[in-house]
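Chain lettering (A, B, C, D, E and F) follows the sequence in which the chains are written, and residue indices restart at 1 in each chain.
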Amino acid sequence: MQTETRKLLTVICEAQLESHVIADLERLGARGYTVTDARGKGGRGVRNAGWDRSANVRIEIVCDDKTANALAAHLRDHYYDHYAMILFISDVEVLRAGKF
Amino acid sequence: MSSLDPVVLFFILGALAGLARSDLRLPSAIYEFVTMLLLLAIGLKGGVELSRQPLSELAPQMLAVVAMGLLLPLLAYPVLYYIGRLQRADAASIAAHYGSVSVGTYAVVVAYLGSRSIVYEEYMPVFVVLLEMPAIVVGIVLARGWAASHQWRHLAREMFLGKGVVLLSGGLLIGWIAGVDGVQPIGPLFFDLFKGILALFLLEMGLITVSQLGGLRRSGVFLVTFAVVFPLVAATLGGALGWLLGLSAGGTIVLATLAASASYIAVPAAMRMSVPEANPSLSLAAALGVTFPFNIIVGIPLYHSVVARIHATGT
Amino acid sequence: MSSLDPVVLFFILGALAGLARSDLRLPSAIYEFVTMLLLLAIGLKGGVELSRQPLSELAPQMLAVVAMGLLLPLLAYPVLYYIGRLQRADAASIAAHYGSVSVGTYAVVVAYLGSRSIVYEEYMPVFVVLLEMPAIVVGIVLARGWAASHQWRHLAREMFLGKGVVLLSGGLLIGWIAGVDGVQPIGPLFFDLFKGILALFLLEMGLITVSQLGGLRRSGVFLVTFAVVFPLVAATLGGALGWLLGLSAGGTIVLATLAASASYIAVPAAMRMSVPEANPSLSLAAALGVTFPFNIIVGIPLYHSVVARIHATGT
Amino acid sequence: MSSLDPVVLFFILGALAGLARSDLRLPSAIYEFVTMLLLLAIGLKGGVELSRQPLSELAPQMLAVVAMGLLLPLLAYPVLYYIGRLQRADAASIAAHYGSVSVGTYAVVVAYLGSRSIVYEEYMPVFVVLLEMPAIVVGIVLARGWAASHQWRHLAREMFLGKGVVLLSGGLLIGWIAGVDGVQPIGPLFFDLFKGILALFLLEMGLITVSQLGGLRRSGVFLVTFAVVFPLVAATLGGALGWLLGLSAGGTIVLATLAASASYIAVPAAMRMSVPEANPSLSLAAALGVTFPFNIIVGIPLYHSVVARIHATGT
Amino acid sequence: MQTETRKLLTVICEAQLESHVIADLERLGARGYTVTDARGKGGRGVRNAGWDRSANVRIEIVCDDKTANALAAHLRDHYYDHYAMILFISDVEVLRAGKF
Amino acid sequence: MQTETRKLLTVICEAQLESHVIADLERLGARGYTVTDARGKGGRGVRNAGWDRSANVRIEIVCDDKTANALAAHLRDHYYDHYAMILFISDVEVLRAGKF
């Protein structure tokens, strides 16, 4: 089967940022994204919530190398200082190269 | 013990379960549901009452209440900044929380008055809505200065469109338009179940309060003291204002309680986006970990007894 | 404004919040809960009524109603295909949506009649159940021809076992077996809370409706026009049928409204699996974005006034 | 058919939907919500009743009931181990399930008595709480021997702090402290909606029961037989105890039903952590797949008719 | 620690397909799967729902190379044309090689 | 953009283990974790629940190689025999090496 390599960028951040981060992603060229609700713990303490106050979301974006780097840099510059957020990038194979 | 309203017992049950590390939790969808029902119910009740009397009569009271909402954070800020030596952003954010109001505390004081058959001005939810916002504006100006004013449009969105404010003021409008007959068919859900829903809400609040204790330990003695003393000062101001405005004893107790309460729905969300460098766990630990339980267990009976004494001498 | 039922005000609140991009949402578990309660309550009410009278008396009416459910999509399809120039699959799928019925619209018309104390045949939920399916079958045949008939067994599963149909017809059966005394102990949940639950449902429907507007913009003027005009035609047919069957004024209004309404629970799910090449956002945009709000705000009062006039002359 | 309580019809609807592989499910947040409401309501009701009479009068009955909770698993274990030839851990775990009680079954028997206006001792929820735990302790000792005793502190946490036990005993305490007047304002949620909430719970239980049938097929004829016969033996014991304690006919039916029921809330969680090598699908298949439906459909009417006959001759 | 390399196939698709896709996976040899609820956006627009109408699910399958390719090809052939669906494959290390 | 490679350990297990596994992870040096609710099927049958009885959770930990191996070995030794659990490890790139 013919596959192509792309990047999978996974962002985990506080739920209140969801709409802001998604707006940023779309502006910077992501053609799609997937969000799941999550909880967790990191440098800024435990986050497991109700009424959105301290829940997390987990956002995944499949995209090309350049976009992944641009998105990651943007998120780091705009959110890392003041918000609970981590991100990591991995390699994935996809079937429809043109789509991502 | 029997002096405690049964709904408060649910709070204590939640707190004990949390302290004992039980796995009890309201599913987050249910907590949201319960909160939505409370907000809509409070709004509807106030709106129905508004439909009964000309708004113009209330205008002076409303202005006075907004003025109080602007004043309270201005009182809190210097205490937090100069005495507490908190960072500017943190002091401003906490001041905003304490200038605004807690809908949960409002629900408890209303339940408290209800089970003692103490009447109060039923349009009070209007004040709840009015008190949500001024403190947010003051808090942001305190944190950023007027330079922040280019953000106002963006900020207004965060403030007016947060779901808490939409439900509260939406309920108010619907109650106002529909009137007492109009809301009657939806009464079984929003009014008859109110106290039971409040009990579930308080069960979860007990669990949440306990989960804030960690943050409290880190934030130290000053913040805990502030979270008890400032509500007393604010309640005095609120009570005095109620007296000046000629409110009934019940209404005065409610206004004192509103002044004493600290927001944990509208303000945290707005502050998070507008003053992100403020540490949200400080303000939540104070508002949820100390002030909320203090008000519902100690504060409300206290404000009641003081107001009762004054009204007794007054008459 | 006061001519609007208060439950409809919740729809408007939801729509305004959606337009203003508020973060208000019913948690999806709660939306599902609220929908389940409505479906069960409607079914139970109809079932209780069925237990009061011999089914045989209803048989002719039931046949006529099924015939209407077969006819409506056959009327809609050529309009969509020849005039609207939609793809065959899309035309068939939209026709199926409009031939079937919307349970939410049914709940609103029932609430509307209730607050005006207009009586109607209480076994109407039977018609809701009956109207769910015929249009699905017609829609699939329109999209695929009779060749699709080898799938019928698979299709019957999708149709009869979708949760919407199971709850509605399950409620009907339980109400029928238990009778009026039997359902009385579960009445506080299913009947007393009905309007409050409907209000919450409509709040979310307002938000959903607005979220469909994007799809609407893409689908163009024809579909919007269709989504307003076809319900008027269908309501006329439904009303005429009600009149022919000798229904009360209230019953005629309900049947007109059912005919005018477009499904968004059973049909979308069935079409998605059976006619996957149909674009679901077209039919949802029309049914939810236009026809649902049109019916509950403009349609129902309109059908009411027309039927009232005819019944007035009739008598 | 009309001999079935309408709430049981919801169970059957759920089971049929499950058998037909409908996609019907209560969202898990709602199932949790509904379960929490039932547990709190049962606890509150029992607590209110406790507040009416001196605990000391109940002490002998309470001791006897705990003794029954210790005895039942000791009866079940040898049957499971020697006759059923199950692994030691599995036999011990299933014995613990059958020694403890099912809150859902309790709710059904109470609803059953209610619709027949049969009175019973309203403090029965105390027995529900008391019966939750002894069987767990016995089960663990059976699986591990006394050597397990160094874990007791850890185990007590699992038992007393599981959310089921916290809600049940928390409700009991709140009802006790608040008394009949105190709980009255929260009655519309916890008491008026009780049967409707129970109906939803049973709907989901029907679906869950069916999903256990696979596990049942694997576990074979012995387990199915055990899951029908042991409850009959236990009900006899429970009924005899009720008679010895001088309970009313209603109270005797409840105690027989409690003895016959098998836990699926507190015990599975505790066993999973304390005896992890026991296969949880065996005990759940028996308790949920056989014993629960057996009790609510066949058992309760049976225990009723036997007790009625004895009480008739007795008097 | 002894580990073996396997494939992780992640499928994101509309929720209504869940039972169909799972039946397919099991038929084609997957020995297990994990499902989480998700929302998202892609070529077929925003999907974030209630009453299942437009929610997504995220299905993960750990399996060997051959199975992953067979599953991916099957899903592409049967669902890509008419349904909201993406999939991607990555390498993971597992402890119990025999299990996957 | 400067990135560093770390390990992503994903654990899928029965929900009742959540608090136990998290306590273990923290004791063994994980500085953060993310949890999402899941359902699924594996060697121990279908798990999709209510009242927590048979739901799964999906726990992700970003950490260095050594920690990932230690965590995986610990989980295998303590839970594999009696509980529904799988785990897998993959490579991810992160921005703040010191954090993980």
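General remarks:
Just so it is clear, a residue touches a chain if its C-beta (ideal position, glycine included) is under 8 Å from a C-beta of that chain, and two chains touch if they have at least 3 such contacts.
All values derive from a computational prediction rather than experimental measurement.
When the partners of chain C are compared with those of chain D, the chains appearing in both lists are B. Using mean Cα coordinates as chain centres, the one most removed from chain A is D.
Using CA-based centroids throughout, the chain positioned farthest away from chain E is B. Annotation: 39 Å between the Cα-based centres of chain A and chain C. Averaging Cα coordinates per chain places chain A and chain F 19 Å apart. Annotation for chain F: residues 36-37, 90-91 touch two or more other chains. Counting only residues that touch two or more partner chains, chain D has 23, 26-30, 32, 188, 192-193.
If you check each pair of chains against the touch rule, the ones that pass are A-B, A-E, A-F, B-C, B-D, C-D, C-E, D-F, E-F.
Contact residues on chain C toward chain E in their complex (touch as defined above): 26, 28, 31-32, 35, 204, 208, 211, 214-215, 264-265, 268-269, 272-273, 276-277, 281, 284. Within the complex, the chain E residues that touch chain A are 10, 12, 36-43, 48, 56, 58, 69, 72-73, 76, 80, 86-91. Contact residues of chain B toward chain D in the complex are 1-2, 4, 6-7, 9-10, 13, 16-17, 20-30, 111, 114-115, 188, 192-193, 195-197, 199-200.
Of all residues in chain A, those touching chain B in their complex are 14, 16, 20, 44-46, 49-53, 55, 81-83.
Per the touch definition, chain A reaches chain E in the complex via residues 1, 3, 6, 8, 22, 31-37, 62, 90-96, 99.
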